Structures are given as C-alpha cells and as structure tokens.
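One structure coming up, written as structure tokens, with questions to follow.
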Amino acid sequence: MWKTLRQIGSVGVVTETPPQLDEQLRVREHLQAQILGTLGRALCIRHIDAGSCNGCELEIHALNNAFYNLEGLGIRFVASPRHADLLLVTGPVARNMELALKRTYDATPDPKLVVAIGDCGCTGGIFGRSYASAGSVANVIPVNVAVPGCPPHPKRILAGILTAITAAATRSSDP
Amino acid sequence: MIQALWLPGPLLLTQLAAAAIASLLVLAVLGVFLARHPLGSRFVYGACALVCAALAGLALLALLDPSPTPSQIRLAVGLPLGQTLLALDALSAAFAVIVNVTSAIVSVGAIGYGAHARDPQRVVPFYPAFIAGMNLVLLAQDAFSFLVGWEFMSLASWALVVSEDRSEGNRYAGLVYVIMAAAGALTLLFAFGILAGTDGGYSFAEMRQSAAFGPAALVLVLALIGAGSKAGLVPLHAWLPLAHPAAPSHVSALMSGVMTKVAVYGFMRIVFDLAGPPSWWWSVPVLVVAGVTAFLGVLHALMEHDLKRLLAYHTVENIGIIFIGLGLALAFEASGMGAAAALALVAAVFHVFNHSLFKSLLFLGSGAILNATGERDMEHLGGLIHRMPVTAVTFLVGCVAISALPPFNGFVSEWLTFQAILLSPELPQWIPRLLVPAIGATLACSAALAAACFVKAFGSTFLGRPRSQVAIAARETDLWLRSAMVAFASLCLLAGVLPGWVMDALRGVSDVLVGARLDSQAAQPWLKVAPISADRGAYGGLLVFAMIAIAAAATALIARRVASHALRRAPAWDCGFPDPSPATQYTSGSFAQPIRRVFGSLVFRAREHVEMPKPGAAGAARLRVDMHDTVWELFYAPVIRLVDVLAGHLTKLQFLTIRKYLMLVFATLILLLIIIGTWR
Amino acid sequence: MTALDSDIAHLLAGSMVLVSFLLLYQDRMFALLNVFALHACVLSFSVGWQAYLQNAPHLFITAVIALVFKGVVIPVTLHRIVVRLGIHRSIETVVSVGPTMLFGIALVALSIVVMLPVTVAAGAFVREDLAFALSIVLLGLLMMVTRRNAVSQVIGFMSLENGLVLAATGARGMPLVVEISVAFSVLIAFIVIGIFLFRIRERFDTVELQALDMSRGETE
Amino acid sequence: MIRDWLTQLVQLAAVLVLAPLLTGVTRKVKARLLRRRGPPLLQPYRDLLKLIRKETVVAENASWLFRSAPYVIFATTWVAAALIPTFATGLTFSAGADLIVIVGLLGTARFFLALAGLDVGTSFGGIGSSREMMFASLAEPAMLMVVFTVSLFAGSTQLSTISAYMLGPQMGLSISLALAIVALIIVSLAENARIPVDNPATHLELTMVHEAMILEYSGRHLAVIEAAASLKLLLYMSLIACMFAPWGTAVAGGGAAAYSIGLVAYAIKLAVGGFLLVVFETATAKMRVFRVPEFLGVALMLGLLGAMLLFVSRVSQ
C-alpha cells in the first residue's frame, strides 16, 4: 500500500494538454452555441459498437487513462443512452445492429450529438455497403463529427469530441 | 367536549354491545335465506357494516370514559349453576374498537366484492356469525362464554375457509385448520381449568382473586400454545398460510386482520390479567418464539409467489412483532419497571391496530386483483397499475405502511417497540438483558426483509409489463371495494400522522394490565410523541409528513419552473433489443433469488438445480428450486406419521369377536381392581 | 343376628362362589345348565335367608324371582333352544380348564384383597358378602371371556348377574334391590330371545374340527 | 426560538449546496490518486444544470410512480439530511425526529427507488432492485444495531443529545463504540454504492446495483435522483461526524462566532471524510455480489456485539 502511495506522490500528475479542435472533422452542425456550451462543460458519452473490430474501442479506452484524461474535461462515459448527450459510434453498421442503433438514437434525449469513429464509421471502410453491412454510420443516423483513421489516435478522437461540443462560429479564428 | 354530549353509562354500553352481537347472530340466520339473490347478500353485508360501526362506536366510548370498574351484565345461559358475564373493560374495549372498525370497513368492501361470489349461500350466513363470535370473545368476562365465543369463531371461519371446496387445496386447508383450532381450544380449556383453581370459580373476577390450581407458569405455556396457534406463532403457524388464502378475500382480510388479533387478546387476557404477577423468566420463551416467528414468517413470505399466501405468511411475521412487544412488557413488569412495561404494551396494541388496518387493506387489494384477473399467482400478473389505478394507489399505501416506513402507521409501532427495546439495560436479570438486543436485531432484520417482500409483491403485480392475457384484460373493481380500500389507506395515514391520539386512547389498557400508564401525549408540542421523555426520543408524525410533503412539492415546483418541459415517450431502453417478450422482466421468483441464496440456503436448505438438455437435444433448460419447509418437516411430519402408525394399529380393534371385546373389558376391570387393591 | 345366622349366611354365599367354580369346570352343555340352575337356587336361598335376617319383605320377592325365573324358566328354555337349534353340545374353551380354575382362584384372592380394605367401616358379614359377590362377578366374567359358544357366555353373564344380586342383598342399605333384579331379568330374557331369533351361532368363531374338515373337503 | 428556526433553514440550504460539492471533492481526490487531473470542483453542479436543461425521455409503459418517485426519493433524503445536526445542534425539526426516524426515511427512499426500478419492466431495473433490497435486508438491521449501541451509550436516540453526550466528560473510549464506528462505515459504503459493494462509475449492467435502477431516468428526473444520491453521501458523512466526531459543533443558542466555528469544523470534517473514503476506495476492489452479504453480515454482528458488550461494561460501572 505504501509503495503505491509513495509512487503517487513522486510521479505527480501526468495529464497532457487537450488537443486543438479540427473543423475538417465536422460533418453537420445542428445545435446553437449556447446549448453546446452547457453540454460541453458536462458531457456524457454513450459508446456504441455497431460492428467494429475493437480497434477503435482500444483507442477510446485509452481516453480514460491518466494521459488523455477525458474526465478532467468534465466528460464521462455513461451506461445508458438515457443519461447520454453524445453517441460515440464505432465500426460499420452491421445489418443486425442497424435497428439497435436506431433504437439507441431514439432513446437518447435531445439535445444530442453523434460522433462516428474510424474509417468504418465514416465511410463504411473496407466493408462498405453489402448484404451484411449498412455502410457508414451516416447511412443510419445523422452524424455530427466523423473521425477517420483505422484506428484514429486517441488525440484525434478527443479532438473530434471537442469539435462536436464547440459551436462552428470559431471556425474563422483558427486555420 | 365529550362530557357535553349525553354519555351512555357503562352498563348501557355493555347491554348495547350485547344487543349488537345478538343482532349479528340474527343476521347470520337471515343470511341463510337472503343469500339466494345478490341483493340479499348486499343487504346482509351492509347490515354487518352498520352493526360493526355501532359496536366500534360503543367500544370507543367505553375506552375513552375513565370509569374504573366495568359494569357486567349477567345472562342466564351458561354452565349449569353458572351465568355468562359480559362487560367492556379497557382491554376488551380497545380490542373491540380494533376488531369492529376493521370489520365494518371490510363489510363495506364486501358489499361489492361478496355479491358476485360463486355460491353466496356458503359464505353470507357464516360471515356475520364469524364477527359475532369474535365480539363475544372480547366481551366475555368468564371462561365459559370466552371459550364458546372462541369455538364459535373458529367454526364459523372454518365454514368460510371451506366455502370454495372445489379445489383440493381448500379442503386440505380446512382439515389442517380444524385440527389446529381444536387443539388450541383444548389447551385454552386446560389453562382456564388451572386458573379456575380448586373452588371452580369460572368468572374472570373469581379467577383473579383465587390462587391458580397449578403453577402459573403452566398457564403461560398453555396460553402461548392455545392463543399462539390461533395467532400463528411459529411452530403452530402451519395452518395459517393454508387457511387464510383459501377463504374468499374479504373473509381472509377478516381472518388475517382481525381473528389473529382476537387470539392476541386471548393471550393478553390470560397471561397479563388472570395469571397474576409474572416471574422474570416468563418473557424468555415469549421473546424467543416471537423473534423466530417474525424472522421465519417474513422469509417464508419472500419465497411465495402466490399473493394471498404471501400476505398470510406476512401476518405470521407481524404477529411475531406483536408478541415481541408483549414479551418485553412481561419482562419489564416482572422487574417492576411500570413505565417501560406500559410503553411495550402500548407498542404491541398499537401494532395490533396498525396490522389490522394495512393487512385487511392488502387482502382486499388481492381480492380486487383476484376479481379482475382471476389470478393469484404473481408470475402471471404485472402492469396492473395502468388498469387498476385506485387499487394500485391503496395497495401501495398498504405496502409502504406494512414495511414500517415513516409517514405511515407501521413505522410508529415499530419505533415504539424499538424505544421499548432500548430500555432493556435496566432489566436486572442477565438472560432477558442479553436476549433483548438479539431480539432487536431480529426485529430490525425482519422489518428490512418485509420491505423487500413488499417491493417484490407490489413490483411484480402492479409494475412492469403484463405477463398474461388476464393481466392485460384486467379492469378496476367496483365502487364499494374501492371505497373500503381508500378508507383503510386514509386510516393508515391518519394513525401514522397522529400517533399521540391513539397512544392516549390506549393508556387505559396498560393501566388495567400492568398497573402503570404513559404520561399523556397531548401535552407534547407539534403533536409529537415522546413516550418516556422528550430528550430520550421523540417522533413527530405530523412534522415528518409535513416536511416530506413540502420538500417534495417544492422540488417539483422548482423542477417545473427551471427545468425544460420537453417530455417524450419512447420504447423502454433494453440495449436496443427489438421488442423483448414480458418474460424477460424480473418476476417474483427471480426478485427473491438473491435473498433466497443468502437466507434461504440456511433456513429452507434451498438448492437450485439447472437441468441443461443433453448436447444436441432441442429441449429447454429448466431451473428447479427445491426448498424444505423446516418447521413442517421437523414438527408436523413426525406427528402425522406417529398418528398414522397408531391409527393403523387401532383399526384392528374394529374387527374383533365379541369374546375378544369381553376380554378387553375383563382385563381392564382386573387392572383397576389390582390398582385399588395395591394403592393403599 | 346370632353367630349361627351369620354362619349360615356366610355358608350360603361361600357355596355360591363354589358353584361358580363348578360352572367353570363343566364341559357339557346340559350339565352347565343344571349347575346354573343350582347356582340360582343357592342365590335364592341366600337372599331368602337375608330376608329373614333383615326381616325385609321385599327381599323375599327377589328370592322368589331368582328361584322361579333363573332357577327354572331360563335353564329350561335354554335347554329347549339347544335341542331345537342343534347347537353342538360340547363347550369349547379358549384356555383349558386347569389354568382357568387357577386364574379363578387368583380372581377370588384379588377380590378379597380389594374388598376388605375398602369396606372397613361395614359389618363383618357385609364385608365377606361383598367380597364373595365380587369374586362371583369376576368368575362370571372369566367364564364369558374363556368360552367360545354363545350359550355358555350367556350362562356366564347370568352367573355374574347373580353375584350382583347377592351384593345388593348383602349391602344392607342398598335400595331398589327388587328393581335391579327385575331389570336384570328382563335383560337376560332379551339376550336369550336374541340367541333364539338371530341364531348368532356362527358369529362366534368355532374350532369344532368337523367344520374345519368340511372346508378342507374331507367330509366324513 | 427564531434562532432555532434560522439554524434549521440554514441547515436545509447548506445541506443542499454542500452535497454536490462533496461529490466533486471525492472525484477530484480520486483523480489525483490516479495521477491525473480531476474534473473541476463544480463539475457536479454543471452535470445537474445540464441534466435539468435536457429533454426527459420516459418509457411508454412507465406509470405515474416512475415519474413521481424521484421527487419522493429526493424529499425523504433531503428531510433526513436536514435532521442531522451538521454545524449546530438544537434544530427545531430534529426535536420531532430521532435516529430511527432517519433510518426509516432512508428506508422509504430506498423503497420507492426499488419500485421505480421495477416499473418499466426491463431486466436491468429488476436486477438493480432485487440486489438493492438484498443488501438493504442486511444493511438496515446493521444500521439499527449501530443506533442501538450509540443510544444505549448516550441514553437517548435524539442526535443532539448523543452529540452533547459525546462531548461531555463521561465519554470514555469503549470497545462497543469502536465496533459501532466500523459497522457504520461498512453500512455507509453499502448504502452509497461505493467501491467494495458497487462501483458508481461502472458501465457493465450485470455489476450494477444502484445505477441499474436509474437506467431509465433522464433529464430533470435524473438530475433530482443524482442530487438525492449525493445528498445521501453527505448525510452519512455528517451522521458519522455528528455521532463520533462532534468537536466544534456549536451548541444551541451559541453566538455567531460559535456558528462560524461550527461551519468551519463541519467543512473540515467533510473534506477529511471525503479524502479517507476515496483513499479506501482506491485501495480496495469491488466484491462479488454474493460476497457482499458476508461483508454486511460482519457489520450486523459488530453492531450486535457492540450492544452486548455495552451491557458488560455498563454492569461493571
């Protein structure tokens, strides 16, 4: 017990600075700035695996560790879509998951956002549309931000989330 | 204010009460003829309600007026050379109020419910007789009329239990009930025999003066067995969960809510009033039996999925709580702590009143469900809150009250019992002093389990999605039953919010039985109750209820003004699974599974067996839970086997030749002569 | 009440016990009836003697009833029944006669042990009389228990009843002696008629060999 | 008299304000122990404000009980919290209610929460309610046994009398008090769904107990329930502080200085309590569901033993 406590004392806080926003990731903008403001300061995310190969999940899981420190920004993962404001959807939407994804989107109270993660989420990736896959997440539910990459770096995912919760007005300020 | 009214003298009260009992008996006889068409049974139930209400009023007047010596009336009927004495002293008046208030409201409910019973002729005549029997027991001031009333009550309720004798279960329940009732009455007979002493004075007054024939402790044991079997103390409770559900619901409301209270009255009358000053160790068996009863009763209730059997087993638990109060009173009285004994006694009688209210409410509720769905098994109910709103609200009030939760009356009597338990360090002897905290722990545990039991009961019947077609097709019950349930619910709230008044009314009882009384609660500010002293512990029922109401209203108001009003109906969230069948939700069996695994594996030797189909076979896997009813196996099964074996041998006696019979006669004669000869 | 009177009374009562033993001893039907007639006569003499001693006229009526009714009428009727119904003449016993007699003696001892301390207050004669009466009753019962055929059981019962009448006459203050004996007589009459009408012979299990042989198919 | 009413109202407001702050502190310290920067201290307030502004989604077959339960739960917890003297004793309300009433009020809150869990008819609500009631069937008696021990010690169940007694001279260090403290800590861990019993931040429905019952709630209902949960944590903290560490609480009728000292002392106690709770949480792992009854059984036995031992010591006095 004492060894860990000493280690906690010596190592100190290792959280890195959060990444900058990235407007390219934004796909759709449907909430005003004021609502995004309140959501932004206390965001609850519900992660949905719509058929991903778990590559993106590993990266998302990394967001919770001490370095990327999602919770430090006031953002936390929740168990039920009822409690959530942002749906983090990974993977191409498999036919079996299509209905489940729609029902989860329905179950989330407004105002809500959707962030698609990974190449599969953005474009359907290597699977595309087929008898087994409905392609990208946008084909099933409206997506606000799409973060490409297979799998995207945790910083990119964090940037996507932060972009989703900040209003588009600041686009002119940074390149 | 009361003095201003013309007050009927105590003698007139008793006469009116006796007249009321007589009118009930007349009603019973009338019932035989009127029961043919529904209007007749409605009339009988209505008349019952009126007579019971009158009796309740009389008893209340007798309870409140401070006349020390109750006036007796003598009837010529009775033992040869003896008379029947009837009177309304403080103890009988208190219990008469409890019995008749509940009977009146249940009868009002029965007007609607009883009308469309399958064959009313079997129920309507015995219903008034049952109430008359109970009132006779309360009014009796001598052993003969007490036992006549007792037996009359048992037989009338037996007739009601077997009124629906199509199902095998009911007949078996009737058989077990009759045997237990007869055994109980027999032990009471012996108890009165001992109390009557050598000069055979059978009136209570004589019994109080004369020295008991045998050891007074024997009277306690006999009363514990006799009254305990009727009330439902653990080893003798087996008939209660069989008989009470078998009767029609409004009758099982009376049996559970009222008849068990008459049994408690019998115990209190014999042990506290007639058996003279208790010695200290009397409280040990009472407390131990009561603790075991409370714990075992609620555990059995948790394992049930038949609503009425659940309620019946729960009556056993509440009787345990009442007897814990009585045990404490005995312990305190034996060591001369009058105020503590009065507190424990008032706690017990208060719980008697509370239990008669919410148990009758819950049984009427189960009757309403039975009428609406024809189903008693909670595994086939569910979602009735949408279809039976009034029943749901009143049933919820009953569940909260019975789980002893603050704003309602169940909590007050539990709080008083705990206050009594907290006085136990002053007990001089070692054993009760260490026994009382253990009993306190059992009481706390059974209260918590009761809350779990009634979350299960309410949850699986009223909440969730309907699990069967009958549950979908359910409709609200008729107006009479609803009004009765609303009356009970409001009484529960009233007794919970204004406990001071009830405690003041019961001071007479503790005066009669333990010779000490609590100081009046009217003086306390905010209508709160502080039995011993304000800084020792106080409970403001009205205060707590007002605070909760104001807080809830304030939160709702703020939420309405500040929060967004957007509200959307959407399918329930179950991981996006498309439209699951109602079978996926928790049933009463699965709700009790954690508690069964924690407590049941010890108490009922509960084992769960999962039978998986052989690989490749398409059969369904099955979960089978087998439990052993330990009390039945340890206590009843051996007795039944013994009786069976003896009966086997004795039947041979039926088929002897005359000569062999003569041989038996001759042998006994010789035996007796030898005894006489050698006994000098 | 001179010594001689009490001796006679004592003698009569004692002889009744002796006759009861004789009853146990008989193994032929007609002999049994005759001994019973003798038993009844001794009873009537004893009652008559008591009537004389206590100069109580009603006892004479009892003596006459005993003599006429039980001494003559019943034995003759039974005799005719036995002939008419062809009831087999030999008396089957459950226990052979030897042990029955021993047991009878034990019963007499028992009744003496019981009666004497109980009747300490009464006069010497009454105590003996009651002791004898009790032993007659017990012997009567013993006879009923150890006999298989109906008629002998009836005889046993009637001897028992004689013992009771003896007790009634012996205990001086006993009221209604007459009524008792009349009642008993009526009872006996009914039993006798019962035997006659219902021929309950087959009710009593019989070890009469001849019946067993038939069932085994070896008819003689 | 006016002073008592004032303290009571300040108490009511303070309890409501401090509760989310306490949760914020625990999250911050927990993050710091995991070597990362925790969310800002006012994060719980932001969560509540966001939830209030969000839309409320209610299941189709949810009844009026589902929608009214959050307010009942919040009201009973708030009243219970208001009854416990935090910075000053002698509150007007607490004259009308004692420790057993507080346990009863928490029982009512739990009763309605369990019913709300069952109302919608999904298996998650069922699993949450049945486990919650199983834990309660051991936690509540353990809590009552602690109440027994303490009230037998102080001779009364009124909290103000108990804390006055604890401050008084006759307060000796007794073994049964130590047992009572340990039992009370175990019970408060179970009741507030902290780590050894249930993980407040879990996402796996099968391991949830408290979270599973409120899975269906959203918007303002969820805000009220989250506030009630943090209130409950504050309630247990102030209960432990009031009973076992009553130093610094202003006695009824004291001057403004006494009240301010009381407030400061209370704040310190909350901070220390929060810190210790989080250190304990980080050090232990969550128990299997059916290990928890043994854990709570220990609390019950400790409470009972405490009461029994008290008699031994009481006799020797």
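Letters A, B, C and D mark the chains in the order given here, with residues in each chain numbered from 1 onward.
Methods note: contacts are C-beta pairs under 8 Å (C-beta built on N, C-alpha and C of every residue); 3 or more make two chains touch, one makes a residue touch a chain.
All values reported here derive from a predicted model rather than from experimental measurement.
Chains B-D form the pair with the most C-beta pairs in contact. Centres computed as Cα averages put subunit B at a distance of 64 Å from subunit C. Centre-to-centre spacing of subunit C and subunit D amounts to 96 Å, using the average Cα coordinate of each chain.
Averaged C-alpha coordinates put the centre of subunit B at 35 Å from the centre of subunit D. Annotation for subunit C: no residues touch 2 or more other chains. Within subunit D, residues 53-57, 205, 215-216, 219 each touch two or more of the remaining chains.
Chain contacts: subunit B has residues 566, 568, 570-571, 573, 575 touching two or more partner chains. Across the whole structure, chains are in contact as follows: A-B, A-D, B-C, B-D.
Per the touch definition, subunit D reaches subunit A in the complex via residues 27, 31-40, 43, 46-47, 49-51, 53-57, 201-205, 208, 211, 215-219, 222, 283. Contacts from subunit D toward subunit B in the complex involve residues 52-65, 71-72, 74-76, 78-79, 82, 93, 95-98, 100-101, 104-105, 107-108, 110-111, 114-115, 118-127, 129-131, 133-134, 136-141, 144-145, 148, 151-152, 155-158, 161, 205, 215-216, 219-220, 223-224, 289-290, 293, 300, 303-304, 307-308, 310-311, 314. Listed in rising order, the residues of subunit B touching subunit C in the complex are 657-659, 662-663, 665-666, 669-670, 673-674, 676-678, 680. Contacts from subunit A toward subunit B in the complex involve residues 80-82, 99-101, 103-104, 106-107, 109-110. Residues of subunit C touching subunit B in their complex: 94, 107, 110-111, 113-114, 117-118, 138, 141-142, 144-145, 147-148, 153, 203-205.
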